[in-house]
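Going in written order, the chains are labelled A, B, C, D and E, and every chain counts its residues from 1.
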Amino acid sequence: LDEVSFGTNWLAQAEHGGFYQAVADGTYEKYGLKVTIRQGGPQAANRSLLIAGQIDFYMGGNMLESFDAVKNGVPTVTVSAIFQKDPQIIMAHPDQGIDAFADLAKLPTIFLGKDLFITGFQWMKQAYPGFKDEQYKPYTFNPAPFIADPQSAQQGYLTSEPFEVERQAGWKPKIFLLADQGFDTYSTTIEAQQKLVDEKPDLVQRFVDASAIGWYNYLYGDNKAANALIKTDNPEMTDEQIAFSIAKMKEYGIVESAEALTGGIGCMTDAHHKSFYDKMVAAAVVDASVDVTKAYTLKFVCKGVGLDVKKALGG
Amino acid sequence: MSAVPSPAPPGAPVVRLEGVTKTFSNGTLALAGLDLAVRQGEFLSLLGPSGCGKSTALRIMAGLTQPSAGRIVWPGGADDGARRRAGGIGFVFQEPTLMPWASVFDNVFLPLRLEGNRRGAVKTDVEEALALVGLSAFAGHYPRELSGGMKMRVSIARALVTRPRILLMDEPFAALDEITRFKLNNDILRLRDQLGWTVVFVTHSVYESVYLSSRIVVMAARPGRVVSEFAVDAPPLRDEAFRTTELYGRTCLDVSAALHAAMGANDHL
Amino acid sequence: MTDAPPPAAPPRPLRERLLPVLVPLAILVAVLLVWDWYVRAYDVKPYILPGPWLVAQTLVKDWGTLSGALLVTLEITFSALFLAVAGASLLAVLMTESRIAGLALFPYAVILQVTPIVAIAPLILIYVPNTQAAVLTCAFIVTFFPILSNMTAGLKSVDHNLLDLFHLYGASRLQTLLFLKIPAAQPYFFTGLRIGGGLALIAAVVAEFSAGSAGAGSGLAFRILESQYRLNIPRLFAGLILLSSTGVLVFWLTSLVSHLALRRWHESALKREI
Amino acid sequence: MTDAPPPAAPPRPLRERLLPVLVPLAILVAVLLVWDWYVRAYDVKPYILPGPWLVAQTLVKDWGTLSGALLVTLEITFSALFLAVAGASLLAVLMTESRIAGLALFPYAVILQVTPIVAIAPLILIYVPNTQAAVLTCAFIVTFFPILSNMTAGLKSVDHNLLDLFHLYGASRLQTLLFLKIPAAQPYFFTGLRIGGGLALIAAVVAEFSAGSAGAGSGLAFRILESQYRLNIPRLFAGLILLSSTGVLVFWLTSLVSHLALRRWHESALKREI
Amino acid sequence: MSAVPSPAPPGAPVVRLEGVTKTFSNGTLALAGLDLAVRQGEFLSLLGPSGCGKSTALRIMAGLTQPSAGRIVWPGGADDGARRRAGGIGFVFQEPTLMPWASVFDNVFLPLRLEGNRRGAVKTDVEEALALVGLSAFAGHYPRELSGGMKMRVSIARALVTRPRILLMDEPFAALDEITRFKLNNDILRLRDQLGWTVVFVTHSVYESVYLSSRIVVMAARPGRVVSEFAVDAPPLRDEAFRTTELYGRTCLDVSAALHAAMGANDHL
């Protein structure tokens, strides 16, 4: 067995389900891998650990991170993209007359994490006139200020914040998936060091394939064991929340849409990458000098791995 | 500086300690049933072995220490605070007790400042007081830059600068050479004559006490108490010639003997 | 004729001793009442500011999770405090004994102080073997400087006359340090310790935030952040209150140590004899 | 026959005065050389640890952005320091003047100290009108306690004999405070100020992290975090270095103020007359 | 405690100040060209007005202050540090200079501790020194709990506890009552006779200086300098009877006159 460590970018949750599934049901082992999952968390530094070579694979949040890596000469590449759409949302109070995404520009306050502010929000300003820096207030992963202020919007993760807000405040927030508004980055990617890709392509391929199979099993098969693992890593996780997340992922086609439907989970295309890259260049989030093709490799994906499993499970 | 409305008539008690006992928190019995009356206009010296409670008695009079038993009576009227604010008391501590961050001038200026005077208004008062103790040239120096005797003289100047009605002095001249000491002795006698001071004076010098005092109280140690008392029946304003009188010589001998007796009365050394 | 007020009655030790407990307690009750009133009167939602009663209930309910986390945090706190006290004292001694060392090192101590942990946490994580050590390193960095500053000020404030005395009797540097400078620096040292105690606690929390372990073996900080993320605000407050009480306890402990060391000789702890 | 060593030659003021500059500078050069050597020898990639030369270049290149951010941070720093000094001094006076107030308030000051900013930033954001004020509040909270602690210790350490003197001359509480306690507390106060200076800077940074503005009008913290997100590690280091230098400068400034105030009378600043 | 290898023969200089000038950093000229030799076994008193530089001269002898010009010669050999470590010098500062955090016992124990002695081994030495100054009962007290005179006595005990070869004392008895003072005077004379001490003694009392000294140096102030010198040709071990001798009376008058002259020599007061 090859020992492999995989760092996620947040606490264990349903959005990481496929990886836990592959650990739990022995898929990785079948592919000759002994995988340790290092969960991330608020301010955890798993990305630095990938760069420093202390872990082998890292779960990237979106492609911008990879573009930045190229720009700064950091030799990491994206080898697979589990999520076709970034589950990043902006949500607003339901009773404030916010019907379209562009209406958000009317609100005096939008709570955003710093990373989304320097990326997604820059794009919003460019793509939708009316958004301006003055609207920004920092989001500290506590939705209370948003709930308290009807004239505000807030970033969120499709599968998390709306659930919490509804549970606590009792109303369903209006949800705008950024991906559906044009912020079409891949998400929950698998990043690895270029060196690993060059020297052990076989190992990378095995990890990518096993992960995809894990995901099919998680979405359509018996995921109890995976959820148990998730709950050991993150004791706060509830079955209710997991069920909500899985439902949302399916509803919005987070994992399976576009090319993934035919190429299998993890599939990426040059066109999709370029589309996002061009938007980011236009929004001046990314430098035009970045060679976008260096940010990823299509070598390992779109091979239809796991489609059979899906079929077998009746998905 | 400030006028005191109605000074008590000469001879009337200004302050009276009645059966004052002081036990410190560590258990030391410093004073046991001390009775002592200070009369208007008198010059009272306290004499006694080291550690017999002279400083403690003086501090109790000044209201700096509370007796554990007994009481202090101020027949003159007014309460503690008002009396002090009336510029009533001047106090020379046994140690110089200067503010290290303030110049000599500012240290002497302090009591006047606390009375609400502005620096410019009382500059000459401060300068006079400094001149009296021979430190005019050192007004701008800091306490750290002075010799031991000079510090003590600053402290004396500070006590005199308000021209208080009652002067309590705790071994003010111990750190001074004899000539300065004699000069200051005479200055004090003269000022007392002019201003009608009441003085309570702690000293270790029998000669000094006899030269200055109208009354001398000898104390014994642990527990501190009065063992004998002497009146010096001579006019208050004296000069060096007084040291050659028979009264002076005899009183010195008497007081010395009393002091010896007081020391013998306990296993002091 | 007015008599001076009669001498004060003998001190009432019981009341004297109860006061330091009763007064803060009374204020505590007052704060709780106002808090409760505010929450009720303005109908503040529990996910914005939960009432005290709800927080208390949460504290009891989640005691299992929270107390475990508290223990983890306390361990880091006291390790960091211990290391910071030891390190800062050593460095302070070095810097006051050698002018050159002082000149050379103080700027770097300052740099250590002003470097944001959040920014260098990743670097620390890369160079330090495990998360535990990383958290401890961060907490140590935060706690270090105030103790160093106070210790240095203390070691420099020794009475020059006593220094002369030691010089005269041919005291070695070590003797001067042990018998003069260190005892004389105590009042400053203990002030530093009082600051450092609370700071070590908050540093442990911040360190956990930045370099943090997550999941099962994690400390109070993680629980607090997690509650925030989950909008479990009552638990967030329960965690904060646990943290605050611990802080007060640590402060009280360091103050007690300070009082015991100084009460026989230093003005700040001595009762005035009146 | 041995003669005592000849009296020391008159002090060499120039060398004396240059030493405090030269020694840290020499160390700085040494640190830079080691850093440079390490980066080259082990071929450390610039996205892990950029070499000093690269950082310097980045500093120059990005000076426009960074210096603007620095100004914002400095404004918060000095506002927070000023508010903390004023507030802490006032509170320290209140707490030492009234035993009850001291007992009642100190636990709450401690609570303020040990409450993690990150956790209460949302609350602050809800209750405070704008981001600027929120940042200032956070920075203030962090800076407050060390100054309070030192100031309190200072006010309590007044020579009892001098207190007696003031009592004797019927000084009012205000007079005692102004002419005795505050001057006497200076050595402690300045120690607190030295800690507080650096702390205000780091507090401004932390506050910006947690409650902070971003974008055009944002401070150094945001630039540092942004560089971290965007993997622009040389700029991250340039920002850190700017921050450190500012910290050293602030420290040097507070030390200078302290020295000027104490040099004529307090042991810690006084040159021994030998 | 420690034996000194080869004491200089009686009469040979132990330490010599040659043209010592001291200018403090604030510009005060404390000593100007002071020449002074201390001879083996002598009892040298320094007398002079307050602020004339007595303490400064003493501190220079002890190596606590460096002269701005001139030099100190220790003909006995060995350098500064070795001499001190040989238990050579005992010093009584003008102020008590006690460690406030240490008990009376520990304060007196200090010089022995610095010599490397363990507490148990020298307990009786400390107790003897405390008994000499009459403070046996206060061994466990802290300096704060003592009277002014008692503090000074602790300081004296601390200087005597090492039985030093040379004793420098700066107004040690100023804060003491006359009886304690006389007793300590006699104790010093006796110990000096037994142990062959060389003593340099600063005092403000002409009588005391004549009673104790083999030589008296009178200084004048600002700049501090020697103005006259007196030898007291009497056996070193004296008793109260000496105070009635003609030599004593005459020397007192002479020294007093010299002191007066010294004071007149500057505009001191």
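Operating definition for what follows: contacts are C-beta pairs under 8 Å (C-beta built on N, C-alpha and C of every residue); 3 or more make two chains touch, one makes a residue touch a chain.
Just so we're clear, the structure is a prediction, and the values are computed from it rather than from any experiment.
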For chain E, the least number of touch steps when starting out from chain A: 2
Intersection of contact partners for chain B and chain C: D, E
By count of C-beta pairs in contact, the leading pair of chains: C-D
Distance between chain centroids, defined by C-alpha means - chain D, chain E (Å): 48
Between chain A and chain B, centroid-to-centroid distance (C-alpha), Å: 86
Sites on chain D at which at least two other chains make contact: 48, 118, 122-123, 126, 159, 225, 266, 270
Contacts with 2+ other chains: residues of chain E: 24, 63-64, 95
Two or more partner chains touched - positions in chain A: 52, 140, 142, 144, 148
Chain E contact footprint on chain B (complex, rising order): 24, 26, 28, 47-51, 55, 94-95, 133-134, 141, 145-150, 153, 170-171, 174-181, 183, 204-206, 256, 259-260, 263, 268-269
Chain B residues touching chain D - in the complex, by the definition given at the top: 59, 62-64, 81, 84-85, 89, 91, 93, 95, 97, 99-102, 110-111, 113-115, 142-144, 162
Footprint of chain E on chain C - complex, ascending: 159, 161-162, 164-171, 175, 179-180, 183-184, 186, 264-266, 270
List of chain C residues in touch with chain D within their complex: 19-20, 23-24, 26-28, 48-49, 99-100, 103-108, 110-111, 113-116, 118-120, 122-123, 126, 145-146, 149-150, 153, 156-160, 163, 187-188, 190-191, 194-195, 198-199, 201-202, 205-206, 209, 221, 224-225, 228, 236, 239-240, 243-244, 246-248, 250-251, 266-270, 272
Interface residues, chain A side, partner chain C - complex: 11-12, 39-45, 48-49, 52, 54, 140-144, 147-148, 160, 164-165, 167-169, 232-236
